[in-house]
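Paired with chain B in one complex and with chain C in the other, chain A is shared by the two complexes that follow.
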Partner chain A sequence: MKFSYYPGCTLKTQAKDLDRYARLSAAALGVDMEEIKEWQCCGAVYPLAKDEIGVKLSAVRALDYAKHEDGLLLTLCSACHNVIKRVNDDMRNDADINLRANNYLALDEKYNGETKVVHYLEMLRDYVGFDNIKKAVKNPIKKKIGAYYGCLLLRPGKVMAFDNPENPTIIEDFITAIGGTPVKYPFRNECCGAYVKLVNPDLTERKSKKVLENAKENGAEIVITACPLCYYNLKQTPCEDMEVVYFTELLAEALGVKD
Partner chain B sequence: MQRIGVFICHCGSNIAATVDVERVTEALAKEPGVVYAVNYQYMCSENGQQLIKNAIAEHRLTGIVVCSCSPRMHEATFRKTAEAAGLNAYMVEIANIREQCSWIHKDIEEATEKAIVLARTAVAKILLDKPLTAGETGVTKRALVIGGGIAGIQAALDIADAGYEVDIVEKRPTIGGRMAQLDKTFPTLDCSACILTPKMVDCAQSDKINIFSYSEVEEVKGFVGNFDVKIRKKARHVDETKCTGCGVCMASCPSKKGLNEFNMNLNNRPAIYIPFAQAIPNVAIIDPEQCLKLKSDKCGLCQRKCGVGAIDYKQEDSFVERKYGAIVVATGFRPIKLDNFNEFGYADNKDVVTSLELERLMNAAGPTKGTLLRPSDGKHPKVITFIQCVGSRDVSGCGKPYCSKICCMYTAKHAMLIREKYPDTEVHVFYIDIRTPGKNYDEFYRRAVEQYGVDYIKGMVGKVYNENGKLMVQGSDLLDNKQIVIPSDLVVLATAIEPDPSVRDIATKLTISIDTNDFLTEAHAKLRPVESPTAGVFLAGVCQGPKDVPETVSQASACASKVIGLLAKDKLKGNPCVSHVDENMCTGCSQCEQVCPYGAITYIDKEFRIGGGKTETRRVASVNPAVCQGCGACTVTCPSGAMDLYGFSSAQILKEVEAICKR
Partner chain C sequence: MSDIFTVENIKRISGTDVRKCMKCGKCSGRCPAFDDMDIKPHQFVTMLGQGRVEELLSSKAIFNCLSCMACVERCPRGVAPANVIEAVRDTVERMQGGDAIKAEDIPAIVDELIPQQLLMSAFRKYKK
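Then we have the complex of A and B:
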């Protein structure tokens, strides 16, 4: 099973663990993650502006690269996933953006959204299968684990088509697969405060605290996330007896490949 | 030699704005067989019809082609016109140049070309038309009503009032339906039971109405005027003819853990029970899933206690076969399941309830005897938050795309009743839009706001979560542009309604159509709103679309008047466009018999002369024209081409195809 892999900037700096454990786990599960060559910044939040074309181009380049490999682009960082998947949707469905992006890039063959963008969690669910993960688990994580989705994986629901944005279950299913007990708590898909941290750190802290406390009240011992920004905000928030880790770290631990 | 007249309708600008009717007229006038072609503004108007009649006489026409709207709209009209002018009603063909042409095209050139082709096609067909005479069948003077809620009850009472027999088939142990579960009804706040139970009693006492409770329609055969219906009377393990409804059995039953369906499972009932005090019939029923005697052959207490020997553990399902002239479908609704709406915490919090559950919590015959108490701890809720549109107007795919129509009004009712009875209670209502059109409806809602001080908040709720024993309702106040959290004691979900799931099976048995939301489709949204597309089957209540009690009663009465109109006839004209068999070509293969959805084809052994004074007996198909609906399935199946349809012969269809293809 081979995927073109797009790590993104944060996974090379702040969120090295997210990346490292993902690669170790993938190798253990027989998934070939081939980092694409000369990838550039996904564009961060800027591609979300409808009329901006320049900032969408690097996402299209990555998508076009994957198109010429196996047509599958694997992402891990929630933000990159959100940006690339939405740009891909634009290339499929927005004739104006498609035209302008293709005019700019002047590729040998026009890019029309052919690549399938797959998040690491979707790869685990749809390509490896949670049942197979269960079989591969060597050290079941026997803990009560709260899934924290944040917003970027789920919304906008129609484009991301990741899971039900109000009542997602994919991370809970993942937790079950690695031997944990999922704790469903109401705030698992609330906003962590995101970039507001820069201008109003108090507000972000309040939002993140609410998430952690809600998880704790419902009995969680660990909160896992797939998003470097959520991870950062949650980590910065003091909450006793609550561990925050990337989901890939627990996966690597369960598979016995954590170094 | 046929003499055909072609009549092209403008339909105001509906056709004429997109189709050049003059050019169509000119083109058709030159068609072989056509002796007269004319266009007119409204062909269906009295003047238009007169124009047709005059032309038939003046030009000695043998057939007419009307280029107008869909035949579903006015074929019958123009057939009558032709008949009045002395033509056979089946020497009329409609070319649909509106729905299938002018309405769907923008380009005049294209639309005109197509209109000409469609008209030529109709001419090609009519040249092979032969006069047909419709046969007659009798009418069974009895109606079947499927569903014993307020829709079925009203329809049955009205039909019975006109002197016809009616059978109500109700799958639950009692009639009454959803309305029996309601506490009060808007906009007048009458007690629901007080206005419903007299009607239920009327049904029971009418010598024209026969109630099959705890029964289901098993099989339907036949056609308008002559339906053969098999009804399954499910085993209730109690002899209906003996039970007096005294209730001794209920008191004696040791298995008391059954969920009380009538009270929306909010409390328990014994294994043998009468659904509610005013149930009709007032007869007990045993829940076989729960009864110790039926499950493990232990107990038998109720049988020993019953003074009239009505308990029969060995009772089995029985069947009744009856004939009916007309059928009313009134299968009703249920609130949707809330599995897709976990964000409102319904599954995890006892104090998050649906509106129908609240009806029971407020009803004097409900689990709390009419005192509003929280299900979790039996305390009075001090802050109650209502959430409207739970699953209604939902485009995410989790709920229903339609407006359930009744929720704005019943939520206003609930809010008002609570503020009236418990003035110290704070009541909030989250809404997307308030939709209260109708007589005295908007005034009703305004009373809730202005007189009763209910706090209406425009905005949707994101989630309901538990915090320190309070239900925190997190939503947005769109007018204030703020996210708000209301700590509440009770949360009420105005849950979307959907057709009762039994409607799918009923629709299949009756060959009536169903839409993407499982609502039954009426024959015409405006002009035939209570008829199904299948002759003799009528629709009442929520099975056809969301509606409240007043609307349901109106529709049920309208249904009844249609049924009475049908039953008042002694003979019904059949459809002469039925299939027939060429016995010389029939090989007796039975394929047509297998595909016929109406059971209209049987096989007979028939003697044929084969020359030389000899005969041979062959097995050939035989069509019952009274049962055949003219669907044509047999004609395309028959490998030897022996089956053909009157009015739609294979030769005619080939001529039509030819006319479309040739340029």
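Then we have the complex of A and C:
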């Protein structure tokens, strides 16, 4: 199984573990992650203003690259996934953005949203299969684990089509597959406070605190995430006896490939 | 720039039809930043429809919206309050001196663990 892989800026710097454990686990599961050449930063947030076009072009370049490989673009960082998937939706359904992006990029062949964007978790669920992961587990993670979805993987639900945006199960199913006990808690798809951290840190701190306290009240010992910004905001939040880790780290540990 | 042109411009770049709003308030009920919004998400939609642009442009809420898309997800009428808020914020920041953060202020407020994703998203949201 081969995927073009888009790591994104944070996975090359502050979130190296998210990337490293994903690669080790993929290799153990027989998945070939081929990093795309000369990728550019996705911009971290999807621009909501309809007249913004320049800030969507790096996503289109990555999508077009994958189109000429196997047509599958694998993402891991929640933010990259959100931006690239939504820009891909624009290229399919927004004639104005499609026209302006194609005019600007002047590709040999127009890009019309042909590539399929697949998040690493979707790859585990839809291409490898949680049953096969279960069989490959060498060290079951026997802990109570809370899935922290946040916003970016799920919303807007119609475009992301990741899981039920109000009541998702994919990360809980992942936790079960690696031998853990999933802990469902109401705040698992609430926002961590995101980029507002830079202008109103108090708001971010209140949001992240609520998420961790809610996970703890419901019995979680560990909270897992796929987003470096959620990870940072949650890690900055004091919460006794609560671990925050990237989901790929637990996967690598379960598969016995954590170095 | 006349107010009516600003209103129409905000409507255009938001890409959402504020007339479809049926004032149910679900967007504001779901907003995680509700307590920090001086103008609530449902009010953005209503006030833009009423052309009350001066009040919108001077709101503090535009800097506290998390773009978490919870309001968009819950709207039963397909309105996107988050897009209205972003369109207002972009309108403010596209004016001379409208940036909410400056590059030179960043080193003092970051630590060694800060993810690039945070800096990148804040710059996209708060600086034009």
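The rule is short, and it goes like this: the second predicted complex is superposed on the first by the 256 of 259 C-alpha atoms of A that agree within 3 Å, B and C clash if a C-alpha of one lies under 4 Å from a C-alpha of the other, contacts with A are read in each partner's own complex, and residues count from 1 in each chain.
We adopt the following convention: contacts are C-beta pairs under 8 Å (C-beta built on N, C-alpha and C of every residue); 3 or more make two chains touch, one makes a residue touch a chain.
Every value quoted in this text rests on a predicted model; they were computed, and no experiment measured them.
Chemist: In the superposed arrangement, which partner chain does A:A147 touch: chain B (first), chain C (second), both, or neither?
Modeler: neither
Chemist: On the A-aligned overlay, A:C191 touches which partner chain: chain B = first, chain C = second, or both, or neither?
Modeler: second
Chemist: Is chain A touched at more residues by chain B or by chain C?
Modeler: If we count touched residues of chain A for both partners, the winner is C.
Chemist: Using the touch definition from the top, say if A:L72 reaches chain B (first), chain C (second), both or neither.
Modeler: neither
Chemist: A:L24 in the overlay: touching chain B, chain C, both, or neither? Say first, second, both or neither.
Modeler: Touch partners of A:L24: none, neither chain B nor chain C.
Chemist: Give one of first, second, both or neither to describe whether A:K50 is in contact with chain B, with chain C, with both, or with none.
Modeler: A:K50 sits against chain C, while chain B stays out of touch.
Chemist: Does chain B (first) or chain C (second) touch A:G157, or do both, or does neither?
Modeler: After superposition on chain A, A:G157 lies in contact with both partners, chain B and chain C.
Chemist: On the A-aligned overlay, A:V199 touches which partner chain: chain B = first, chain C = second, or both, or neither?
Modeler: second
Chemist: Quick one: classify A:I170 as touching chain B (first), chain C (second), both or neither.
Modeler: After superposing on A, A:I170 lies clear of both chain B and chain C.
Chemist: Quick check on the output: what are the common chain A residues between the chain B footprint and the chain C footprint?
Modeler: Shared contact residues on chain A: 157, 165-166, 190.
Chemist: In their shared complex, at which residues does chain B touch chain A?
Modeler: Contacts found on chain B: 340-343, 345, 396, 398, 463-467.
Chemist: For the complex, which residues does chain C have touching chain A?
Modeler: Residues 12-15, 32-33, 36, 63-64, 66-70, 72-73, 80, 82-83, 86-87, 90, 100-101, 106, 109, 113-122, 124-126 of chain C touch chain A in their complex.
Chemist: Along chain A, where are the residues that touch chain B in the complex?
Modeler: So the residues of chain A touching chain B come out as 157, 164-167, 185-187, 190, 214, 217.
Chemist: Under the touch definition given earlier, write down the residues of chain A that touch chain C in their complex.
Modeler: 8-10, 13-15, 41, 43-52, 55, 77, 79, 151, 155-157, 165-166, 190-191, 193-200, 203, 207, 227-229, 231-232, 235
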